[in-house]
Amino acid sequence: MNFTHPFLDDDGDKLREECGVFGVIGASEAAAACALGLHALQHRGQEAAGITSFDGTEFYTRRGLGHVAENFSTGEAIGELPGHMAVGHVRYSTTGGTGMRNVQPLYADLASGGFAVAHNGNISNASKLRQELVSKGAIFQSTSDTEVIIHLVATSRYPTMLDKLVDALRLVEGAYALIVTTPRGMAACRDPLGIRPLVMGRLGDATVFASETVALDVVGAEFIRQVEPGEMIEVDFDGSMRSHRPFGDSPARPCIFEHVYFSRPDSIFNERSVYESRKHIGVELAREAPIEADYVVPVPDSGVPAAIGYSQQSGIPFELGIIRSHYVGRTFIQPSDGARHAGVKRKHNANRLLVAGKRIVLIDDSIVRGTTSMKIVEMMRDAGAKEVHFRVASPPTGHGCYYGVDTPERSKLLAGRMDVEAMCAFIKADSLAFVSIDGLYRAVGLPGRTKSCPQYCDACFTGDYPTPLTDLEQRHAAEAQLNLPVDPDPVS
Amino acid sequence: MNFTHPFLDDDGDKLREECGVFGVIGASEAAAACALGLHALQHRGQEAAGITSFDGTEFYTRRGLGHVAENFSTGEAIGELPGHMAVGHVRYSTTGGTGMRNVQPLYADLASGGFAVAHNGNISNASKLRQELVSKGAIFQSTSDTEVIIHLVATSRYPTMLDKLVDALRLVEGAYALIVTTPRGMAACRDPLGIRPLVMGRLGDATVFASETVALDVVGAEFIRQVEPGEMIEVDFDGSMRSHRPFGDSPARPCIFEHVYFSRPDSIFNERSVYESRKHIGVELAREAPIEADYVVPVPDSGVPAAIGYSQQSGIPFELGIIRSHYVGRTFIQPSDGARHAGVKRKHNANRLLVAGKRIVLIDDSIVRGTTSMKIVEMMRDAGAKEVHFRVASPPTGHGCYYGVDTPERSKLLAGRMDVEAMCAFIKADSLAFVSIDGLYRAVGLPGRTKSCPQYCDACFTGDYPTPLTDLEQRHAAEAQLNLPVDPDPVS
Amino acid sequence: MNFTHPFLDDDGDKLREECGVFGVIGASEAAAACALGLHALQHRGQEAAGITSFDGTEFYTRRGLGHVAENFSTGEAIGELPGHMAVGHVRYSTTGGTGMRNVQPLYADLASGGFAVAHNGNISNASKLRQELVSKGAIFQSTSDTEVIIHLVATSRYPTMLDKLVDALRLVEGAYALIVTTPRGMAACRDPLGIRPLVMGRLGDATVFASETVALDVVGAEFIRQVEPGEMIEVDFDGSMRSHRPFGDSPARPCIFEHVYFSRPDSIFNERSVYESRKHIGVELAREAPIEADYVVPVPDSGVPAAIGYSQQSGIPFELGIIRSHYVGRTFIQPSDGARHAGVKRKHNANRLLVAGKRIVLIDDSIVRGTTSMKIVEMMRDAGAKEVHFRVASPPTGHGCYYGVDTPERSKLLAGRMDVEAMCAFIKADSLAFVSIDGLYRAVGLPGRTKSCPQYCDACFTGDYPTPLTDLEQRHAAEAQLNLPVDPDPVS
Amino acid sequence: MNFTHPFLDDDGDKLREECGVFGVIGASEAAAACALGLHALQHRGQEAAGITSFDGTEFYTRRGLGHVAENFSTGEAIGELPGHMAVGHVRYSTTGGTGMRNVQPLYADLASGGFAVAHNGNISNASKLRQELVSKGAIFQSTSDTEVIIHLVATSRYPTMLDKLVDALRLVEGAYALIVTTPRGMAACRDPLGIRPLVMGRLGDATVFASETVALDVVGAEFIRQVEPGEMIEVDFDGSMRSHRPFGDSPARPCIFEHVYFSRPDSIFNERSVYESRKHIGVELAREAPIEADYVVPVPDSGVPAAIGYSQQSGIPFELGIIRSHYVGRTFIQPSDGARHAGVKRKHNANRLLVAGKRIVLIDDSIVRGTTSMKIVEMMRDAGAKEVHFRVASPPTGHGCYYGVDTPERSKLLAGRMDVEAMCAFIKADSLAFVSIDGLYRAVGLPGRTKSCPQYCDACFTGDYPTPLTDLEQRHAAEAQLNLPVDPDPVS
C-alpha cells in the first residue's frame, strides 16, 4: 500500500518537496543505517526509494516503488546490499516522470569505474544539456535530470573523478544537493546557493550525510554541521575528509519553505530549530492578525506548531477541533447518496461537541489551490462553529518553484489568481490573514527580508528567482512561436 | 504495506481493541458506505477487513488481510459487493488466530437462508460450547469464537431467525456487539452489560450501525443513539425497525477504556465526548499529581488531549517535545553499530533544542509493559532534559481483559508486577503518577466509582470481572491438574 | 501460468476427466512422494491441487490454484507438510464451482479427530443429501459434493470411523474413488461399480494409492493390484492392511473412456495396457472403415496410438502432418486483420510441404462438439491436402456423463444432434467413420459388448446409465413444473 | 510458472537456441500479431519476452520474464502497445546474464529519434567493442552484447540511419539476425554468413519478418522468402521495400543445427522442410547403422521424425516405448526413499508392457552431456527391454558454439571427452551410432559436405568456425598470462 504524503489532501493541495538523500561511509552495515535514515526522511518523498551499496569490489542496487519500509525493512533486502558504503534516495516524481528507471540512486559503469548518485533538487537547464549530449551519441536510460550529471561526468576530459564532477557541475544550473559514491569513496555537495539542504554527521567512525538532521537522530549519529552552499566534501574509506569550494563564494539562498513545511519540526535547518521557527510564525501571525475567538484550532498535523505559537501569544486556548485519521492515502469509491465531503472527512473530522457554538481560529501552514481550505472551513461550520477565522503560517504562494518542488502551474495557485480578500471569499472564512514576508523572516531569526540580497530563496512568495531558468525560457520561447497561451509566471 | 496500530510501539506496548463493526441497510451502494465506515474504524483493527453485501437474492463476501484501503477502495472491489445491505468488520486477532478463514464477517448457508455476522467482543465460554457442538456432528470452518454463534443459530429449534439468534445468545457468555444480516434484513445487538460499544445512525433513508460515531460522521450519517446494553434492534428492507430486550434488564457496564484509549477522540461514547473525557483526565491528573515544570509534553498522539488538559489546569505550557513519525509499522533490521534505540526513535524523536535543559512533564494514556515508557524517558534525558516527570492518564493496568481486548498475561503487565514506586524506578522517571480510579470516573462525568455496582467495566484496573469466565476457569483447572504454573489473574 | 489441458482445444472440445487422487502411508517424506505422484496425474485435473499430511499429531494442508509444480515443487512447500502419511488431489471443477474452498483434500475436525478426504467421481444425489443435512443444522463450507460425505460421517451414530464411513457411503449414489486419512491411518475405496479407477502399490515399506499406475511408476512404486469395485482397504501406520467389501457383490462397470482418452497411455487400467487398447482401436478402425490414402496423420497427441494402429493395419505410412505446439493454454487477443484460425494454429499447425497434394487419413480419439475437428480438416485443405478422411477412435459421444466427467449438455454434443453423415458434412471431411461400440469392446480385449450386462460403463456412447441419477431427476421435475425446456438426455 | 524448454531434460542436456525475433510493419494491430508470432517461436527462448511498438509518434515497450502467453495474451497488455509497427523477441540468456534490463527489444532515444532492436545471434567481439565505447564516455544500461550495436549506431558519424547501422555492423563480428525499428520504418538483416535464420512474409498489406516460417503460419501470413545472408531489407510505412547488400558477397554458412533440432519441424529453413530433413537423417542413420530389433522407439518429442524415417527405411515398427509428460519444467523435491530416477521419469516414462522382452532401437536427435541418454537406456532396461541400441540423428557434438547457442564448455561435452565406443559404454547401450557428417549433409539435400567451403556452419561437429572469435581469444590470452587452465576448444 502506497500511502501518500500524510500531510496531503487527496487533491494534492500542498507543495511537495521532491526528494531526500542519505549516505554513509565507513559503517559495517551501511545499507541498514541507510534504510533507517531514509525512513526518517520518508516525508520528503514517498513514491519510491532506492539504495546503492559498495563492498570494496562491486556496487549493489535495490530500488522499489512505495515506502522505504516496504522495500528495505527485511534482512533479505539489506542482505542484497553488502558493504561499508551506501547511498540512498526517496523521491516524488517532479522532473522525470514515474517509473522504476527514474528511481535513484542512478548508477553507471564509467571507464573510471562504478558511479552512483543521489540527487535532491532540480537542474533548470537539464533539457538543453541532454539535447547536446544525445547529439554526440549519448544514450539516456532514464528521463531524470540527474542522468545529465552522469553523462557530463562520463564525457569529461578531466583526469580525476573529483575534477570530472566539478567539470560537470559547472555546466549545470539550478538546485542540487548531491551524494556521489565511487570505488574511491563518497562525495557530498550543495549548489552554490545551497537551495536544497544537506547536513553531515558522525556515527562511530562512519561519516553520514543526510537531507535533514532528523535522519541523523534516528540512526544515532551526532550532528556535525551542514554542508555549506557551494561546498564539496570528499570522504575516503579511511575516514579522511577534504572540503572544496570549487565554485567560489556567493551569498547563500537556502529554501525558506523548509522552515514553513518541508522539514520535520524536530530537524535543525540552516542552524535553527524548525519547530521554533514554526511556533514563531504563529507568534508573528498573532501579532500581525489578532482576532477575538474561543479556540485556536490547528489543521493537523502541519499547522500544530504555529497554532501553539498563536495560542501562547494571544492567550486563546489551543484545542483539537479537527481530528486527523492516521489511515490516509487512498481515494475511495464514493457512495452516491449521503457522504458529503467524505473525502476530506476521511482524513480530517470535526470534533463536533467541542466546536459547536464556538468562535474558531484555524491555523494552517499554507494555501496552495485553496480547495482543501474551503472544505475545512465548511466542515467547521457544519459542526456548528459560530465564526471561522483562517490564519496562514506563510505568505501567499503565488509563484511556481523550479528547484525540486512540485508546484501547480501558476494559474492554479489561489494566490496567483486573486488577492487576499477574494481568497477569503473563496474559502468562505469570516476572516483570512497570511503572515507577512518580513514576519516570516523575523520568525526565522532575522530582522526582516533584505530586499537587495535576500537571505533565503523565497521565489514561491516573491517571484524573485535566484538562478537563470534556461529550459523554462526555451519552452516559453517555443510556445510563443506556436502562439500557445503561456503561463505568465515567472520569467519576463 | 500493513501498518500496525499508529499509536502502537513496535513492541506492542499498548492494549489493543480487537474489532470494529459497521452495517448499513437501505442504501443504494451499501458496500461503498460500508468501506468508508470501516476505514473510519481502522484504528480498532488493522490486521484484516471484510465486507458481506446482499442484493436481494445473493450474499457476496470479500475479505482481505491488511487495511480497508488496501482491500476496499477500488471500484472493482466495491463492484463485487452489490446490493442495498452490507455489513463489515475490521479485526485484530485476539481469539481465533490469524488467517483468512477467521476474517469476518463470517457467513453460512443455513436452512433458513444466508446468515452473515460481524462481531466485536469475546465469548468467554466459546471453547466449551464448541466442544459440545462438535460432539453432535458440527463441522467448524474457522477457529473464531464467533462461529460458535452461527452453529448455535443453525441448530436452534426455534422457528424464526430472531428467536434462533436470541436462543443462541442466551447460551453465550462474555462481551459482544453484533451486526447480523439475513435475507430478511439486519439485526444489531449488544450483550446485556453493553461491554463493547455500538451506535445507530441514519443516512438518508438508510439505517447505519457502527462501533463508533466517527464512522457515522465520515459516511455523512446522523447519529441517532447508541444501541442499549442488552438491546436487539431489527431493521427490515422497508426501513421499519423493532427494538427488543430479550435478556431482561441489568445495570450496564460499558468498557471505560474506550474513553481512555480505544475510541477516537472525535467519537461520542456512552453519551459523552471522548476528547472531553481525555482532557478532563488531564485536568484530574494535574489536580491529583501536580509538579513544577517548564513544559507539558504529550507522548503523541494518544497523550495529546490529556496533556492539553494538564497544561490548562496547571498553567505549564504545552509543547511538542516529542515528534512522531507518520511512517511506522515495520521493524527494520538494526545496524549493529550505533543506532541505539533506533526502534523507538523511528517512531518518536526528541525535539532536542526545545527539551535541552528543561523540566518536562510527560503525559501518556497508559502503561502496559513499561518498556516503551522507559525508552521515552531515556530519550528525553539523552536530549538534555533536566527533569522528567511521568503522568499517566489511566490507573495502573494490572489485570487482563477477557472481553475482546488483547492484553499481555498478568506477569508481563508492569502494574501486575510492582507498585508505583517500583514502576517509577523501572522507567527511570523523576516522578510517576497515575490518575486514581475515582479521578477517572470523575473525568467521565460521574461523581466517582460506585463500588457496589460500578458504572463501567474497569476490570483491567480493578480485577472486578462482571461476567463468569468459563473457558479460563476450565483451562486453569486443567493446568492445575498438570501442575503447570498458573497465571494468578484473575479467577480465584 | 495456468496451462489448460494440453490435449484441449481452446474451446474445450474434449471430455474432461475431473480428478486424480494419490495417497501414501508409511513413507518418511510422504508429502514429497505425494507431490510427485500428483504431478504424474496432472492430466486428470489442472485447475487446482492440494495435499494434506499427518505427522502423528496434527494435520497440515496446502492447496493452490494451478499446477502441482507451481504449488508443490519447492522444499518450502513440502516442508509445510510434515509426516509419514499424505493424501493429495488434482481437480477440474465439475460439481462445486471454482474457488479455493472447493480445492481438495477437504478436511474437518470431527469429534473423533481430524478427517481428510480426496475424491474422484461425482455423487449423483449430493444436492438431496445436502438439503437434508442443512435442515438439521449442518453448515457447509464448500459447494463440493465431497463435503456431503464428511457431514454424513460427522453425524453418523456408528462408533468407529470405518463404520461411520460405510454408513455415510451407503447413503451416497454415483461414482467415487476415495482416499481418506484419519489419525488412525488411511482408507481407500471405490464405489460398488468401480466406475472411477484406483490402484494400489508398494514403495519400500509404504503403501501407495493412486488413480493410475503411471503415478506409481513416477514415484518408483511397484504396482500391486487395483482396488476392486466396492472394496474398501484400510492401512494402519504399522503397515497392516484389511480389505472389506461392505456393499456386497455386483458386476463391475469401470469407465471405458479411461481406455479411449482419460488415462495416460503408459498406465494399466482394468488390467490392460492403455496404449495397447488405443493402438487396437486403430486396428479395428482400419478394419471397419478402410480408405485409400497416402498418409495416416494423427491429431496430436491423443490420436497418435490409434494412428499407429491404423497405419500398421492398413499399410499406409504414419506421418506427422500436424505439428503441435508445446505452449498452449491461453487465448490470445486476435489481431483483426489476417490471422484466420490463429487460435487453432497456435496449437496445431499443418506440416505444409508434407501434406500438399496428398490424400490424408486423420485419426482423432473422439468428437465432442465438432468445432475443432472442422477447423483441423480445413487446416489440412488450406495446406493443400487433396482428400481428408476423418477416423474417430471411439463411438459417437451422444450422452452426458454424471460420474465425474465434464461433458457439455446434450444439445451441444455433435453426436447428440446429428447422424454420422450430417457430422461428416459439418466437419467438411471427405469421409467420416467412428469405431463401432463392439469394435471398441474388442479393442479392450473382449469379444464385444454384452448388452444384458455390459462389462464397462459406456453411458456417454449408449445412454445406458448404471446408477440412479436422483439430483438430475429432481431438477428435471422442477424444470418441468416451470415449463422450462428440458435437455432430453438422459433420464426418461 | 515458467516451463523450461519442452524438449529439455531437467539437467539441461540439450543445446539451446537462444532467441527468436518477430517484426511486423503496416498491420493495424501490430502488437497482437507480434505476440502471436512470438508465441509460435517460444521454443527458441523461454526465459523472457518483449515487444516494442510504434504508433507514428511514440515507441511503447513491454517486457516480462517467462512465456509470451504469460505476458502478452491479454487485451490490457496489447493495449499498452498501440501502432502499426511492432518488433518482438523471445530469449534465453546466453550473453548478458538474466534480468529485465537485458530483455529485448532494446530501445534508445538517439539524436535521430527512437531506435529499437531485436537480435538473434551473438557478437563475438562485443567485449572489445564495449570497452572502447565506455572509454569514450558511453554509458551502458545492460550487459547484453546487443547494446553494443546501439551505441555504435548512436556514435556513428554517417548521416542516415541506414548508413549508421551499416557503419555499426561493419565493426561487428559474429552472428546476427536483426530487426530494427525507427520512426521511419523497419529494417531486417542477417550477418554476411547468414548463420542465424530470418524469413520474410506478407500479411495483407503488412510485411512480416520472423526467425522461422512457423510464425508466419500462425499469424496467417504468406511466406515470401528468406532474408539472404548479408542482406539488409528496409520497409517503409507505405509498404515500399528496398534490399541492400552492404557487406558484399561471400558464401553463406547457415547453422545446420536448425535442421537437427532448433527449428520447429513444420518450419522451412534454408529452402527445405525441417521435418523432411529430420526424417531423412533417420533414413541415413538406418542405412549407415542398421540393427536387428523389434521396435524403433523415439525419445520424444525431438526424436520422432528421425525415428519415423528409421522405421520406414528399416521396416522395423515405430512404437511409443517412451511416454512423455506434458507437464515438465520444475525440479521437484525428491523423497529420500524410493523414487529412483524420479526426475527423468517425471518427464519420460517407459511404456512397460510394450517394451518388456523386446529389442529396442532408441532414436534421439543429439547427445550433449550424455547423462540423460544414460538414464533413458537404464529406464528401458528397467522396463525389461532385452536389447537397447542407441542411434543419434546428428554427428558427435564435440565443440562449443559462439554464435548464439548455449553450449556447455568443451570438457562437459561427452563427444569432447571420448570416442564413440567409450560413449556407448558410458550410456550403457548395446550399440551406439551417430549419423556421419556427410550423411547429415545428404539428409539436408546436398551430395555431402564440401570440405573446402562447407555449405553450412557445422562448427559444433567439426570445430571449423567461420568467423574470428576475438573476445574468446582475448580471454584465453588473459587466462594464459594468469596460468589458468584454458578450455582447449577452439581457437588455437
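Couple of notes before you dig in:
For clarity, chains are labelled A, B, C and D in written order, and residue numbers in each chain start from 1.
Basically, contacts are C-beta pairs under 8 Å (C-beta built on N, C-alpha and C of every residue); 3 or more make two chains touch, one makes a residue touch a chain.
To keep track of the chains, here are their UniProt names: A, B, C, D = Amidophosphoribosyltransferase.
From a predicted model like this one, the values you see are computed outputs, not experimental measurements.
The chains in contact with chain A as well as with chain B do not exist; no chain meets both.
Its C-alpha atoms fitted onto chain D, chain B is found rotated by 180°, rounded in steps of 5. Each chain gets a centre from the mean of its Cα atoms; the one farthest from the centre of chain C is A. Two copies of one chain, chain C and chain D, form a contact in which over half of the residue numbers belong to both partners. Centre-to-centre, using mean CA coordinates, chain A is 63 Å away from chain C. Put simply, the C-alpha centre of chain C and that of chain D have 37 angstrom between them. One simple way to say how far apart two chains are is to compare their mean CA positions; for chain A and chain D this gives 52 Å.
Residues of chain D in contact with two or more other chains: none. Contact between chains, as defined at the top, is found for A-B, A-D, B-C, C-D. Residues 108-111, 134-141, 150-151, 154-155 of chain A touch chain D in their complex.
Against chain A, in their complex, chain B makes its touches with residues 1-3, 6, 27-30, 32-33, 35-36, 39-40, 42-43, 66-70, 72-75, 77-78, 203-204, 206, 214, 217-221, 264-266, 268, 273, 275-276, 301, 304-305, 308, 312, 317-320, 323, 325-327, 329-342, 345-346, 349-354.
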